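Listed next: structures, encoded as structure tokens.
Look at the two complexes coming up: chain A is in both, with chain B in one and chain C in the other.
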Partner chain A sequence: MTNMISDLDIPGNQSSPAIQSDWQAGRLAMQGDSYPENSYELFDQVIHWVRHFLSTEQRPLHLELALVYLNTSSVKAMMDIFDLLEEAFATGREVSVDWHYDARNERIAELADEFREDCSYPFAITPVKGEP
Partner chain B sequence: MDLLSMRESYQHERIMLCFNGPISRSLIEEIGKALRNYLDTQQAAPSAAMDVFAVYIEMTQNIRHYARRQGYSDELAAATVAVARSDQGHYQVSAGNLVEHADGKRLVAAVDALALLDKSALKQAYKQQLRRPRDAEAPSGAGLGLLDMARKSSFPLQASLQTLPNHRSFFSLTATI
Partner chain C sequence: MKTRDEEALLSHIATLLGSPEHAGNPLRDALQDLYQQHCEQREQVQRLINISDRYQLLAMEARQVTQARYEDSLRRQRKLSRISDGYQALMRDRNRALHQASTHDPLTDLPNRRMISERLEALVNERRGFTLALLDIDHFKLINDCHGHDVGDRLLVAITRTLSTTLRDYDLCARWGGEEFLLLLANTDLDEAQPIVERLRACLADVTICTGDQKLSVTISAGLSQHRFGEPHQATIKRADQALLDAKRAGRNRCLSNIS
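The block that comes next holds the complex of A and B.
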């Protein structure tokens, strides 16, 4: 508990996803589009949170994603996050990802699937029925 | 200024949306939003709309990153961007900007080299580039942009370079989706 760092609660905007972390629950969530010019200005704090959680806690970590479009700079940052989970999983930690996407847009599923190819932990890609 | 002839030429080229001038971060977002809305009204398939938007973002952000690295003034950093619909129903995203002549030659060679790769080779090259350390390339990850555009296109990317005075050239790139 003493090593807990403050949770993230970043509101989203047109080019940045909304991001919430919950240290107690071992949960990190992101929703929306991500195409800032320099994604690391945004994602460095997320990478820091994930790294810190995985190194101080032994509890599971679950990512709940509803990301839509990612520019290549955001793809690179997300890959760094998935790699951290992969490292933790290799040492026996329980980690998982659930990526929800609008069933009408298969591009998001393809993007998520390319990330999943490099991950051996549970990684669900779940279509959600969009509004009619 | 003969706006009518400009308008007629855009219509002739089937240009849905175009921009010329210094491009800021917020302008990229606003034009992107207009582009998405337009594609939506045209009832483009969500996947095609996303590909067009993605290519537009990578092109314009590459131009911004390049101009910043070169320390270009607003005037030099101006971008010319057009999104058109071809007779065959393909979307064409084009963007042009000033570059140092040597950089332009390097870019054209890089685009021409990508034309030789099929989809699976492009994917492999993309994944390799993705795994390069952050510091080994431009801070923005710009190298990935071309590969990403090539993967989203139905035909090879087309690049051209027109020489201008002062060691500069106009680089233009077209992706057909």
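The block that comes next holds the complex of A and C.
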């Protein structure tokens, strides 16, 4: 495991999503609103982690998302991440996304569905009762 | 020259050069050289064409790659804008809902204290005249106690519906407290306001709701005060409140004005 990089455990706040990665489990999770000041700085770490995992490991990668509001640069970052997964999937890798949303806010599901448009790997959009 | 004609000519020349009967011909060596040079040149031209074709192919492939990249980036850009617009619309709607929630009462959907206070302050600043009516449902506590809060809430909603449909478009009615409503009659003096409020009280007394086999209706007490130029709106409200208290003390189900 010499190629393993340290896992992310970034606490969220009002404007920034909480982010946790688990290299061993092949899992990346993000929750909350995302309109941080240092959007590129924040997501560069995440993109770097995903890229590194996909290039060093052969194991599956699963994303657990419970993102609510995204500003434009966060939307861009998520599109980049989904593209990385698509590239990996095209080479036969096992990747998947599960996007949880508050069942009372159907519009989040519609936006998640727009993201899913270009993804051919398993991409579930799951309603959660009450607070996600 | 057509390729077939050229091939025929070259083959004819080759035959002539190879034929022993022309071996001694003085033109033969010159023709031999000419034939040789032609064949070499022909080969050169063919190589040139091949190279040129390969360059053209490369250039075309490069253009296609650029074009595909451009279209891909355009498509991504559009997707980004579309999703981003979606989130922006979501935020706008959320703001609108928050604004509605911060200015309206959730049960009756009437403007709340905050909203009517802002409106009153604006009227005072614009030095515009108005009369206030503070309405209170008589013995409302009894209804809540005897029939439960859900019946009380239903009654409030029914009263509110009649209030809203009976008022003029430019009047404003807010839920002031539990069973209290504050009516703002803009550009209206006390003499004009009294018949309006009396008519309203009569309409509200006709409102009935059913619970089990019982029909419930209520009476309304009201206190009126006309805004005096220069006084803050809180003072006008206080005088309406005093008039309402007087109406309650005088036996309820009546409308009194504060003129002190």
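Structural remarks
Keep in mind that, in the parts below, the second predicted complex is superposed on the first by the 128 of 132 C-alpha atoms of A that agree within 3 Å, B and C clash if a C-alpha of one lies under 4 Å from a C-alpha of the other, contacts with A are read in each partner's own complex, and residues count from 1 in each chain.
Convention: a contact is a pair of C-beta atoms (placed from the backbone, for glycine too) under 8 Å apart; a residue touches a chain by one contact, two chains touch by 3 or more.
As the structure is a computational prediction, the values presented were derived from the model and not from experiment.
Bringing the complexes onto one copy of chain A puts chain B in a clash with chain C. Once chain A of one complex is fitted onto chain A of the other, the partner contacts of A:Phe115 are limited to chain C, with no touch recorded for chain B.
More chain A residues lie in contact with B than with the other chain of the pair chain B and chain C. Legend: residue contacts after superposition of the two complexes on their common chain; A:Gln20 is shown touching neither chain B nor chain C. In the overlay built on the shared chain, the residue A:Gln45 is in contact with neither chain B nor chain C. Using the contact criterion defined above for the overlaid structures, shared-chain residue A:Lys76 touches chain B and also reaches chain C. Look at A:Thr56: by the touch rule set out above, it reaches neither chain B nor chain C. Of the two partner chains, chain B is the only one that A:Glu37 touches; chain C does not reach it. Once chain A of one complex is fitted onto chain A of the other, the partner contacts of A:Arg104 are limited to chain B, with no touch recorded for chain C. Mapped onto the common chain A, chain C and chain B collide along 74-82, the only clashing stretch among 74-82, 128-136 or 218-226. Across the two superposed structures, the residue set of chain A contacted by chain B and also by chain C is 69, 71-72, 75-76, 79, 107-108, 114.
Those residues of chain C that touch chain A in the complex are listed here as 76, 79-80, 82-84, 86-87, 90-91. Those residues of chain A that touch chain C in the shared complex are 69-72, 75-76, 79, 107-108, 110-111, 114-115, 117-118. Within the complex, the chain B residues that touch chain A are 25, 29, 33, 46-47, 50-51, 53-54, 57-58, 61, 64-65, 123, 127, 130-131, 134, 139-141, 144-145, 148. On the chain A side of its complex with chain B, the touching residues are 14-15, 35, 37-40, 69, 71-73, 75-76, 79, 102, 104-108, 114.
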